[in-house]
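In the two complexes that follow, subunit A is the common piece, with subunit B as its partner first and subunit C second.
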Partner chain A sequence: MTTARAAQPAVKQKQRRPMLRYILKRIAIVPISVFVLGSVSFFLTFLIPGDPAITILGDFATKEQIAHVNAQLGLDKPVLERYVSYWTNLLQGDLGTSFFTNEPVLSDLGKFLPNTIELVFFSLLFALALGMTIGVIGAYFARRLPDRIMSGITSVLQSVPDFFLALVGIYVFFFLLGWAPAPIGRLPITAGSADERPFLIFSSLFTGDWETLGMAVSHAALPVLALGLVYASYFAKTARGSMGTALTTPQVEFARACGLRERTVVYYAFAASRTTVITYVAILFGSLLGGAAIVERVFNWRGMGQWALDGVLKVDVPIIQGFVITAGLLTLTLFLLLDIVVLLLDPRVSYE
Partner chain B sequence: MSDAAAIPKSPAAEVVTKIVNFARVSPGIVAGVAVLLFLLLASFLAPLPYDPVTPDPTSVLQPPSAQHIFGTDANGFDVFSRVVAAGRSDLPLALAGTLASLVIGLLVGLPLSVKSKWSEGFMRALDAFQSFPLIVLSVTIVSLTGNDIQNILYAIVIINGPRFIRLIRSEALAIREARFIEAAIATGARPRRVMFRHIMPNVIDVCLVQCSLTTANAVIVIAALNFLGIGVSPPTPTWGSMVQVGAQAISTGQWWIAIWPGVAIFIAIASLNMLANGIQRRVEGS
Partner chain C sequence: MLRVQGLTSQFRGRAGVVRAIDDVSFEVPAGEAVGIVGETGSGKSVTIRSILGLLPSYGRVVAGSAEFEGEDLIKLSRTRLREIRGARIGFVAQNPFGALNPVLSIEKQFRNVMRAHRRMSRAELHDLAIERLAAVQVRGPERVLRGYAHELSGGMAQRVVIALAMLHDPPLVIADEPTTALDVTVQRQILDLIDSQVKQGGRSLLLVTHDLGVVAQYCHRVVVMKSGRVVETGLVADVFTNPTHEYTKQLLDAVPPAPWAQEAPGLTEQAVTSR
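For the complex of A and B:
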């Protein structure tokens, strides 16, 4: 990770292109992380107690089913051999097939991951907008009435589980008011095969398919609201903290003394705290890839989280492994991008 | 206050005065503790109007009324009795998970505050571990190791243990620079004595803040896992599983089955957050 520290010109002159070196170094660690990740996902299967095949299939499984699962798990072979063949398959992009649906895990991922990315993208966008507003207002009016109201809102949002907020949303907006559609997926049942398209909202936006876009947005509204409201509290807390510090720095005093407009002053203070906010976006994006699972399930969103959760509950080992590897890879990539973006935005960060 | 000093008081009244004075300084702590104690006492001692684990098939999906103040669910369970009784399993489990996380945090975090290549490497590994969607990892581990309520404890520790380790280590690193540590070492205190006698008492106040945040998080984790049907053994009520039962009825308008246990979760978490804020303010103030 990067550490904020005063730049040291003496060291800088010795190394040429320190930023490039840093980025290359960060990329060089990636294979090691991937190796650890893959191994963890391999050894997860050792946690299953008793006879895995029976745990997976239940007590009423036939002999053939047990033999099939054992062969797929490779339990008839020594551990080392299994480990090697696991990596060979993995490096060829073969994540295995589900025990229960016999679908290749990779094609499942292709179907479900885009749904989750879309949901998480819009939820975070909403959370960011709302949370930043709450936090900045609170920091600007520090210790005055607006600050108290905003911190009250923050602690209420912080105390609600997202799945519970989702249920309240369904009751109020679907049952009482009838504004939102039934929580049965991304499109009404009548939409048919349009549901299969990945990135429904983005693709219908770019192809100008307004009817589908309208339906997709109305179905996305409640899950986005539920996740967005809960995660807005994180941004509100972060923004309140970092803006609170930024607004008391000498720069801000100086900017005010120069007679800059108040809005410009706040903007400068915001610019100083933007790296903290970006870091939070990346962390939350990573955790929401799986963390949205329960909300996805409540709305039958058919996202990666819901898919993984179903796999986990049925002890569908290839799905669990596929999810662990995918979520891990996405998180790794995200953090790599984050470090590079923070480096570009904040010259105080040292290249270590 | 001069009046209070003049009139001799019974010990009980003195305690009350002390609490009132404390509440003036830190209303958050007193309110948070009061609500928590109320929830705990209520779940263990409150008289229940109906048996929480025996359904009454003749009154199914009744809206709140004089007989069933929170209504009944699809199986004929009295929602009020179950909401109250669910605290018996949910709250102690959350506290136990927090305690386990704290102990792990102290046992791992304090030794890691000795700077070395090894401890840096461990922190890196912890970074990687924490960057993972931990709720799904914990669901995986709980469901792989068996559908048992005790296994939820592992989930809480997996999510919160690393947070304690990180916090305690960074606090201990700062305290290590203090002069009294130098003095302790100079008088010949062994590393272990320095760690547990001189450093540990100084990280406890920060740990208290983290403990109440962790308990709040544990309540959410328990509710989320129970909501998914993990660690639930049917008639025994838990808030998460009650919300799950209610979720099936909420689209048709029976709001009371899911809302009341949800409100219970909300109150528990809100009081813990209030407590955390209160302690935080005291720690910062001193």
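For the complex of A and C:
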């Protein structure tokens, strides 16, 4: 190997479009993942305690009533038959209808998922900006006073639950100061329901509807702040760790010895640690799709987490399945994107 | 050229303050090569890092001076020190794969080092980089420039590091064990290369190594360090033939008889010419 490289010192032989091949290979695995995901979400519902029929009818329902409801819901059929019909519907894009509201799960998702995506997107954006700042300052002044202050802030943020921060935020900024609007959802009551307009902030931004944008942003401020502050601590920790390591490497020392400006040196260290941070973004995005449930509930955000949580409490099987599949698909897509981004950023990652 | 006097550096750790180097003094005269030798942990690396202002954040120079071109490097502002590093003092790192940036192309790294001290158009810099890579015997400089560090062999990567260190024609070059991380077969080539680059430019060299043979062959003067102190310093010819300190004697005795003994200019011609 060494001799081969010495004989031909420069660039390795390039395959034909290795990048494209790698991406196609990764996409080829997706159907297998989807099959596992769908099956897991089907069988998962058997593990959930509780009986939907009893939840619908109440504790005093007779056996006949329960059997009747079960027949209506199709729960009396054998598991295999239900599994097959579940897949048949799923492959046609039919996620079923809610046991309770009779709303198709897909139309619920269309209403709630965009809300959650917007919330998680802005929260992570805020968390990333704040967390990276804290982490980079800490790493740059390693073991000195700024580092101690930053790690103190990180520990405090990390130990506060997001919903508690949300409640404190409502108390201070809505109740005491009156700066924030009431936590009643995405828009004031006078503006009517926001359900008809998915991606409220994005769409009003692109259509130039400044009035709606202003209202939407002011309603989003507190939940974004609550989630963002808490998750900033994760980014701060990751950035402090990876940047801290990167700043003590011979690479950074050599950069300094060559007289590079400090901002170039910090950029070098950032470039060395950015894949770690990007990986974290993807992981947190996936987990926040359902993980923001309580904060969504506190602000009546009408998001996916809140919707799924209600579904779980009522043993609303189609909703649970719909949530697991949607969150799973989004996470899969995100991780695929993540791998491609990491590939583009680091020339050392091989396509094989 | 470089006059180090009473240099003392400390590290702050869990166990309290540790004095890494204590009252280190030596001189690098213009146009000469000086070797710092000593075992691992003797303070060789801390000495050059103290001079260059590259100590980690928990270490600092507490006393002494390092006079270079009429300025005390220890007392200089960070901005001024940055202007000197790379431009007036070149640094050759120990491990080229550690030193080169893995995610930037070699050309981009040339551009960054150039831009740190001087403005130059992309096309001009490209030509200069090719010229400099050719000067350090890098084969296929065009391809190397386009590529990344991990595509190079150790010897080639160290040549790139040397070319980067010499990009601004610094009058002083500091090399920190420049061959330790390399294959034995290329160690000598790299040392010869550094030696010829230094001699061609009439530069001074401060070479850190634990190999007495290397010092004998490439250096005029030697600084022997032990436990953070200089135990002996002087012309290679004097120190090696007539060591006064017990530790230097032990070091010399520890060297196995090797081919360098016959072809060491530091011991033969040097002994004659420098008198």
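One rule holds for everything that comes next: the second predicted complex is superposed on the first by the 304 of 352 C-alpha atoms of A that agree within 3 Å, B and C clash if a C-alpha of one lies under 4 Å from a C-alpha of the other, contacts with A are read in each partner's own complex, and residues count from 1 in each chain.
The rule is simple: contacts are C-beta pairs under 8 Å (C-beta built on N, C-alpha and C of every residue); 3 or more make two chains touch, one makes a residue touch a chain.
Keep in mind the model is a prediction, meaning the values are calculated, not measured.
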First (subunit B), second (subunit C), both or neither touched by A:L337: neither
Touched partner set for A:V79, first subunit B, second subunit C, both or neither: neither
Contacts of A:L260 with subunit B and subunit C, given as first, second, both or neither: second
Residue contacts on subunit A - larger count, subunit B or subunit C: B
Which of subunit B and subunit C A:A71 touches, first, second, both or neither: neither
Subunit B versus subunit C as contact partner of A:A272, first or second or both or neither: second
Touching partner for A:I320 - first (subunit B), second (subunit C), both, neither: first
Partner chain in contact with A:A129 - subunit B first, subunit C second, else both or neither: neither
Set intersection of subunit A contacts, subunit C complex versus subunit B complex: none
In the complex with subunit B, residue positions of subunit A that touch it: 1, 33, 36, 44, 47-49, 155-156, 158-161, 163-164, 167-168, 170-171, 174-175, 182-183, 283, 286-291, 293-294, 297-298, 305, 308-309, 312-313, 315, 320, 323-324, 327-328, 331-332, 335
Subunit C-touching residues of subunit A, taken from the complex the two chains share: 2, 5-6, 9-12, 141-144, 248-251, 253-262, 264, 268, 271-272, 345-348
Residue ranges of subunit C touching subunit A (in the complex, touch as defined): 12, 52, 54, 56-58, 78, 82-87, 91, 93-95, 98-104, 112-113, 116-117, 138-140, 143-144, 146-148, 150-153, 155-156, 161, 164-165, 183
Complex contacts: residues of subunit B adjacent to subunit A: 127-128, 131-137, 139-141, 143-146, 216, 220, 223-224, 227-230, 243, 246-247, 250-253, 255, 258-259, 262, 265-266, 269-270, 273-274, 277
